[in-house]
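Both complexes shown next keep chain A, but they swap its partner, so chain B is in the first and chain C is in the second.
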Partner chain A sequence: MSDPVTPTQQEVLDTLAGFLREIVAEPWIAEVPITMETSFSQDLELESIEFVALATKLRDRYGFEAEFTDWLAGLEFEEIIALRVGSLVEFILRCHSPR
Partner chain B sequence: MPRFLFVVPPLAGHVNPTVSVAKELLARGHEVAWVGHRGAIEPWLPGGANLFPVEDCGSPLLAAQRAAMARTVRGLESLRFLFDDFLLPLARMMLADVERAVEVFRPSVLVVDQQALAGRLVARRRGLAWASFATTSTLLTDPVPELPKVGEWLCQRLASLDLEAALTPTEDFGLSPHLVIVFSTEALMGAKVLPAHFHFVGPSLSDRPDPTPFPWDWFRAVPRILVTLGTVNVDRGSHYFKTALEAFQDQPLQVVLVAPPELVGPAPENVLVRVHIPQLAVLPHVNAIVCHGGHNTVCEALANGLPLVLAPIKDDQMQIARQVVGAGAGIKLRFGRFTAADLRQSAERALGDPKFRDAAKRIQASFAAAGGARRAAELLKGLA
Partner chain C sequence: MPFTSVNGLRFHTEALGSGPPVAMLHGLLVGNLALWYFTAAPALARSHRVLLYDLRGHGRTDRSLDGYDLATMTRDLACLLEGFDARPVSLVGHSYGALIALSYALLRPERVARLVLADAPLPPSRAEEVSAFVALPPQEMAKALPEPVRRSLPGGGRRSVRFLQALEFLIARTSFPRDIVAEPDLPDSALAQLSCEVLCLYGESSLCRPVGERLLRAIPKSKLVLVPGGHYFPLEAPELTTAHLLEFLNG
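And now, the complex of A and B:
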């Protein structure tokens, strides 16, 4: 469930990058830097089912299941194509910030 | 006697299935005709075929857009290009000529390729009996159910065409409510819950003799792999071809690499580089195939019971690759990322682990049992 302390951007990015390396599980991904600018489709060629696997891991790590499912289902086609790691990091940070 | 009018897009892979099925219909004494772009279609039609040509004014532009897209677009983005820059303009361009062809030929059944959306509009407007040909099997249902807005976007694009033609939009991915003939099998696609008017007849493989020469005496008694990108993706294959060379040089196998020699450079003696091969004749002589996951190449390989290594690029290739992996007949790589070591290991597994070949042979058997063009012709006759 969610951490009592809000994680930093770098912590979320590192967690996300670790999950991505686990899901892709191919030798090249160890060599590729994963940054806020990394594109899921162009840079990582992530498939939609892998994206869902990533979402599941993030949900297990950070909680806020309902927000996550809604966010994912609400992504427009254009947003999905252009989606960068940074957008996901920022979404997680937003969910953690006090309302 | 029933009369069948085929509505086809200017793509050879979508014309071929209509030719095999038309042959079966003609053999039963039925009349057939085609409507489409003469330049792209006529070379594939039987001599003396009745073709209603589409005014070709815009197709060089479409061809150029499609070529540009083939060079750059990848993954899901290609779905947007396919519809916005190709299929929807194509439908608008073909509409009047399909109407005219129907008025002149008076078909009992309109047979509409899923990508020739003008046929769907005309059939619905006139209340004609019509069948869909799903030449590739990836848009029968929501292509990306994990991300619902993709399917919604697709339905909206199709709805915009329906509205322009004063029709009520439907949510059927452009397919006929009467009969959908799918050129694949459930053994490859995975069992799906689909309405009863969907029928799987297996892929339509060309039976035209291919005169392309090939040095058959080059083959030696070692495992052989065919490496290809099909016909339309060659100019983005530089990384792919070079990686294949690096992966397989000095390995105890022979590789037929279908590529322009100038893109490949000097090849080691176990690699044969040819810009064209008679692919259907070569496939029975190889043990595995490395390709991009185009529906035709994949089905031709599986019809020969060959395991596959797939590096999909765009369009339906991601889903075809997912089908092959799901059926256990192959291994998927990432087109822009895979290394020589990845490719070598994947090819070794595809060749060495019998489970891949066994799965490919199961799909091969399903193709042989699916009934092909003959069954498609019977289904169409039932609709007339």
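And now, the complex of A and C:
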């Protein structure tokens, strides 16, 4: 019984990967596979300010606001540093699943 | 949002949450709006409308070649606040960002609700022990960085390379070092004019700690709270920092 507008995991992952490539805008990022397991920090060496830009693009696309700051506020600083692509994708899917 | 053009530059801005307005400012050289975005801002955004921005030359804001003096950077803040919220705004600044907030509060007291000065350095020319730091060759700078900052920059990787490029730009190609060194002290007689409530939040082991004591004496409605850690206590003790900010802003 999923909401007809609920995006699939693959759609969110593809959107996120596209945004990442736009933000980083360096040749290597096009070659790197971006999966649910990819670590923003360890695998991509993403700067924190680039993560902010990614979150903003995703927020504008998927329309979450309070849920996102709540989710972020609930994470420890070290957890944010260790964040994987999958955690962000799952957060977006949770926001869109019927309560 | 996320970009706002004012004062001749395009600023990277982020607004989070809703409620009474708060603007948060990061420090120079090693900072950008991620300092607050990944620490106190999300928790504050549950009960406040929070504005974050990258100072000129920092983060994703335009890399200005000049205007790193306090007057110009205060004008940047004034312009951004004009488009942000008509209500009096609370200001939270770290390091040089605290001096910008302080200077705005002196200029426009009617626009400021509450003020948090987190490890503000005085005189401003002492910011980040800047003169000693900028004299180092770039490869030495990485080693001279404070531990909480270095921890987030694994050696040799993309992030540290980009970080050093940003530092080099500010230090070697802009008026930044000259502007900071030329900045005069704020006299106690000016600080005594502040009419809003002020929280001076300082790192227990920060070199700036005596400045907190000076501000406490000079500013009428001020209190001083010490947080475990050095100059970068918002990164070293983020939960405690957030708790102090919430208590003061909601008080």
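Assume the second predicted complex is superposed on the first by the 94 of 99 C-alpha atoms of A that agree within 3 Å, B and C clash if a C-alpha of one lies under 4 Å from a C-alpha of the other, contacts with A are read in each partner's own complex, and residues count from 1 in each chain.
One rule holds in what follows: a contact is a pair of C-beta atoms (placed from the backbone, for glycine too) under 8 Å apart; a residue touches a chain by one contact, two chains touch by 3 or more.
Because the structure is a prediction, the values reported are computed rather than measured.
**Q** Chain B versus chain C on the shared chain A, clash or fit?
**A** Verdict on chain A: clash between chain B and chain C.
**Q** May I ask you to decide whether A:Pro27 touches chain B, chain C, both, or neither, giving the answer as first, second, both or neither?
**A** first
**Q** A:Glu37 contacts which: chain B (first), chain C (second), both, neither?
**A** Neither partner.
**Q** Look at A:Ile81 in the shared chain and tell me whether it touches chain B only, chain C only, both, or neither; answer first, second, both or neither.
**A** In the superposed model, A:Ile81 contacts both chain B and chain C.
**Q** Could you figure out whether chain B or chain C reaches more residues of chain A?
**A** After superposing on chain A, more of chain A is contacted by B.
**Q** Going by the clash criterion at the top, which of the stretches 5-13, 185-193 or 221-229 from chain C hits chain B after superposition?
**A** Between chain C and chain B, the clashing stretch is 221-229.
**Q** In the superposed view, which residues of chain A touch chain B and also chain C?
**A** Touching chain B in the first complex and chain C in the second, residues 45, 47-49, 51-52, 72-73, 77, 80-81 of chain A appear in both lists.
**Q** State the interface residues of chain B toward chain A in the complex, per the touch definition above.
**A** 74-77, 80, 144, 146-150, 152-153, 318, 322, 333-339, 341-342
**Q** Quick one: in the complex, what on chain A touches chain C?
**A** 45-49, 51-53, 56, 66, 69-70, 72-73, 77, 80-81
**Q** Give every residue of chain C touching chain A within the complex, in rising order.
**A** 1-2, 12, 14, 16-17, 32-34, 37-39, 41-43, 45-46, 54, 59-60, 152, 154, 157-159, 162-163, 235, 238
**Q** Can you list the residues on chain A that touch chain B in the complex?
**A** Per the stated touch rule, the residues are 24, 26-29, 32, 41-42, 44-45, 47-49, 51-52, 72-78, 80-81.
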